[in-house]
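Each of the two complexes below includes subunit A, the first together with subunit B, the second together with subunit C.
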Partner chain A sequence: MNDRVELFRGNRIFLSCVYWAFVLYVFVPLILMVLMGFKDSKFIGFPIRSWTLEWYTGVFADAEVLSTFGYSVAIAVLSTLISVIVGTWIAVLLEGRKFTGRGVTFGLTVLPALVPGIISAIAFRIYARYLGIEPGMGAIVWAHAVHNVPFVVLVVMARLSTLPKSQIEAARDLGADPLIAFARITLPYLVPAILGASIFCLLLSFDDFVRSFFLGGYEPTLPVLIFAKLRSGMSPEINAIATVALILTAVIGVWAERFTRRMNKES
Partner chain B sequence: MAEETSDRTFWGRLASWGPYHAMMRLATASPRRQFVVLAAFPILWILTQHLGPMLQMLRVSLTDAYPVAPGVEQHFTLENYARFFGDSIFWMPFFRTLIFAGVFTFCTLIITYPVAYFLARHVSRKNQMLFLLLLLIPFWVGEIVRTYAIMILLGNTGAVNLALKTLGLIDRPIPFMYTSFSMGVGIVYLTALYMLLPLYSALEKLPKSMNEAAADLGAGAWTRFRRVSLPLTIEGISSGCTLVFLISTGFYATPVLLGGPSTTVFAETIAGFFHVAGDEWPTGAAFATIMFMAALIITTVFQKLMNALRKGEKK
Partner chain C sequence: MTDQKPLVRIEGLSKHFGETVALDNLTLDIAQGEFVTFLGPSGCGKSTTLRILGGFERPTHGRVILDGEDVTNQPPEKRHVNMVFQDYALFPHMTVAQNISFGLELKGMGKADIKRRLQEIMAFLELDSYAGRYPVQLSGGQRQRVALARALAPDPALLLLDEPLGALDAKLRGQVQQELKSIQRRTNKTFFFVTHDQEEALTMSDRIVVMNKGRVEQDGTPEELYFRPASRFVAEFIGETNLLSGWMRGTEGDKVVMDWEGTALKGKAPAGIPAEGKPITASVRLEKLGFHADRPQTANAVQGRVVGKTFLGSRMAMQIAVGDKDEPILKAYVDAETGQSVGSDPIWIGWEADHMAVLND
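Up next, the complex of A and B:
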């Protein structure tokens, strides 16, 4: 037994080094970016000799940045609402039901998630023109909604597959029609999955660049604004804006992660 | 009458409400009709919203003008596809993109495999989620913000150059930025999670006893990895690589910000046709179609190969 422990120890030390190196790789760039927002100079770069809070306070005083924030959040909320309703409906159709063309339907359902970013943006741009949707908020909401549907479908289907069929059957035996059985049995059971998927969609939409960039009008979303500012040069102001976006997404992400886990445990 | 309804629930009242009742009866008259009512909207949505944009892109790529000006006739043409092969300024970025995507996918695999292995095999069940969550946090942050973070890391006055200078290893900053290296660091950073999760779930399913049995039979660490873990996680590797490859070919902002003139990728070429006058749209559509087809063919062949490999190992 001791031999075996000895045998695996070498691997373990090596692998844990790799793990912590990877943690550094994913965290250090973000930490540096946050720090750079405190630099008391217009020029990006190390070392940081003097510190200031000016850039961060500036973000909250900048009307353009604040309205961009609001615009991005509104797009995220609207597109998520559409994605969640459509995605849940498709999941209910696909889960545990056999019909001709189910495989093709499933393949087409996940298609938007598999199309590489630039191609999806171009296809949406062309289709928006075809449908007569002008570039702007409506177009972005629509593109984000379509793009995020597959994620909702996958999450909801996973949850739906664990729903005991007997419960639905009991409700039907007691005289509930399919719609009422859905609203009173299936839907409450799906709440954790739907909430989890919603937050995932919110973040995907809020962080999305390529679709917002190609379908946007004159008003930028937050990632598009950061991109535009970056093209005209780096500045600690951008660090401050990016940091606020970073904190918002990271906090929501972690909270959602814990929340859905707790919900799943309870039921 | 009022008393009778007030002690019934909302659902009970809804079920016996005339119009609703009639509608439900109509919709559930037969299992077939019930299915049609359930399926109509999803199928319509998938066809018009998921498939529609791709088909419209294909259609536009085969025409000579789009959007069509009033009074002008639209003609079928293959000219847009011919343009691609006619000029190296078009096909060079295309092949560069495929090669970059392949190399970056491989790098992501090499980097994340040990991490996933460590998580699945050497961390106790209780801590696994915590260790994994730690890695998930940065991945909630968007593409642009993370790309910018890499710019700060690798710039001439960035953290890496400062560290190397302080250590006395270099006198002058190394120009990491605007090269394929900086692009690689950025893209691996953006895609690592999509590799890590499939690998982790494949490794997690692998029983620990298998490795121990191999060790008891005298297999060293490398042999155990090559003969036990690797063949049994091919499925995870295959789906992770497919996902990362597809995502890598689609990046637009990251190559623009981290790459330079010598690393132009096809996404930038395609985007170029949409910045200028409308009559370039068909060419852009054709190029996007070529890119998508190439990515699909490569990932399909790759998956078939991995499947064959898995079946071969099982024998």
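Up next, the complex of A and C:
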């Protein structure tokens, strides 16, 4: 009995060591990146002799960085709107009445999420040219929206499957036609899922490099700009940009996660 | 039923789900103000009938006439019928007041009228203090009342109740049964109640329709069903009973004489008199069997021995073997004192012919 307890304790120490090693492995690069953004020198590396906010003030004064940031946000918001509307609509269709070809439809809907980014980006590029769509914002929004639809479909369908049938029947029973029942019962029930999916889409779009790179025009998105700056050498300015982006996405991500969890608990 | 026009007329209603027949040619009238219970095991067709009345299923054959109007093909939102769902189906994102007003809003009622009706119905069901609460903040009994208030608020011609007491604990259920019955009396609404619980049906209903395999087994008052079951199924489903299997011997006045364990027993005749020598079954309720030291003057009497007792508080259930067998074939309820005084000596069991119903299988 005692032996087993000892073994268990040993296991636990070993497992927690592995866990913390993993955490370090993930976070040390991030911490280094953040630190270098405050270093008062163009050369990345230790020791840090003096600290500065110069890179940050520089970034916030850099019109190119700011407009690129705005451009990325606009693309994220537009593509998210499209994916959420289309994705919710598909989810409602798929989760509703059973119809022949439902499985195939579901497969075709989810498949794009599994196609490697580089492949779908090239395919989009060729197709856009074929359709006569100029590279630029429209093309990027389109590609991001299409890529994000499967995530919306999956999240919304999961939520929809937990909506008791009696909820809709009760609404109908009380005088709601199918459309009113959808607007007043189904949609409010889906709000946590739709919000969660939206945040996820925003972050996916904001973070995307491959599609934005292949389908972009002259104006770069933020990830593309960072990539372009890297080609002319690593600079603490990039660290500053990355740190701001990191904090922003982390805050939104954590908030969204807690928010959806709370909403789910309430209903 | 009175000579006035029935509120609901169900004509030759059938529902097939693929090969299975859920409801088989049901014809029935329901009068205004009646508390009708559809009772039966799961799959008997009671819920299908309810869902057809609510407009959630279309019948394969037949019609539903509500208040003189054929509503068979009307969707639920067009019908003057409301329903209390088994899981209550309260809207989680709406408060109690919003839940109750939902149906009123959709009826196109004005704001002031909605407010008045809301207050009226909440006062009636003692929900005033919960108006601002959300369903998650309510107990099971309170939720049930909100569901009832929401269904009653639009003033439906017919209220459907789909096993609404199933989710409540036993103690609360008894209380809610009384409450429901009194609400039905005070509102004079027509209640169409569906349950598999025979006790619930007996307590509340004016009329019980016992369903089995999509067909009506018997349609009558609770007393009729209990004391004069028309079939073996009804006798077994409602209350506890002794089923005696014997042979038809003949008739004596309006009574049937049967052979059972070598004794001639007299009972009430079923609708069609069976032929002599045919196997028949008779039902006699547990509380109708009397214990006697000597042969009693009752129409039926057999000698037996008590081979088992179960103490139930106010009364005792006795297992009785008849003749020289050891297996108990009769069960009886006696008061606890009598039960205690009975030993293992042979005793006489007696019951009247009127207390035994000979059944159609």
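Brief remarks on what is shown
The rule is simple: the second predicted complex is superposed on the first by the 257 of 267 C-alpha atoms of A that agree within 3 Å, B and C clash if a C-alpha of one lies under 4 Å from a C-alpha of the other, contacts with A are read in each partner's own complex, and residues count from 1 in each chain.
FYI, a contact is a pair of C-beta atoms (placed from the backbone, for glycine too) under 8 Å apart; a residue touches a chain by one contact, two chains touch by 3 or more.
Computed from a predicted model, the values in this text were never measured in an experiment.
Touch criterion not met for A:56: it reaches neither subunit B nor subunit C.
The partner of subunit A that touches more of its residues, comparing subunit B with subunit C, is B. In the superposed model, A:71 makes contact with neither subunit B nor subunit C. When the two complexes are overlaid on their common chain A, residue A:151 makes contact with neither subunit B nor subunit C.
Of the two partner chains, subunit C is the only one touched by A:188; subunit B is not. Touch criterion not met for A:38: it reaches neither subunit B nor subunit C. When the two complexes are overlaid on their common chain A, residue A:180 makes contact with subunit B and with subunit C alike. In the superposed model, A:90 makes contact with subunit B only, not with subunit C. Of the two partner chains, subunit C is the only one touched by A:171; subunit B is not. Common to the subunit B-facing and subunit C-facing surfaces of subunit A are residues 175-177, 180, 184. Subunit A makes touch with subunit C in their complex at residues 164, 166-167, 169-177, 180, 184-185, 188-189, 266-267. Residue ranges of subunit C in contact with subunit A, taken from their complex: 54-56, 75-77, 81-83, 85-87, 89-93, 102-103, 106-107, 134, 136, 150-151, 154. Interface residues of subunit A facing subunit B in the complex, by the touch rule stated above, are 4, 7-8, 10-12, 14-16, 18-19, 22-23, 25-30, 32-33, 36, 43-47, 86, 89-90, 92-93, 99, 105, 108-109, 111-112, 114-127, 129-130, 146, 149, 175-180, 183-184, 203, 206-210, 213-214, 223, 226-227, 230-231, 234, 238-239, 242, 245-246, 249-250, 252-254, 257, 261. Those residues of subunit B that touch subunit A in the shared complex are 11, 14-15, 24, 28, 34-35, 38-39, 41-43, 45-47, 49-54, 56-57, 60, 66-67, 111-112, 114-115, 117-119, 121-122, 129, 131, 133-146, 148-153, 155-159, 162, 189, 192, 212, 215-216, 221, 246-247, 249-253, 257, 267, 270-271, 274, 281, 284-285, 288, 291-292, 295.
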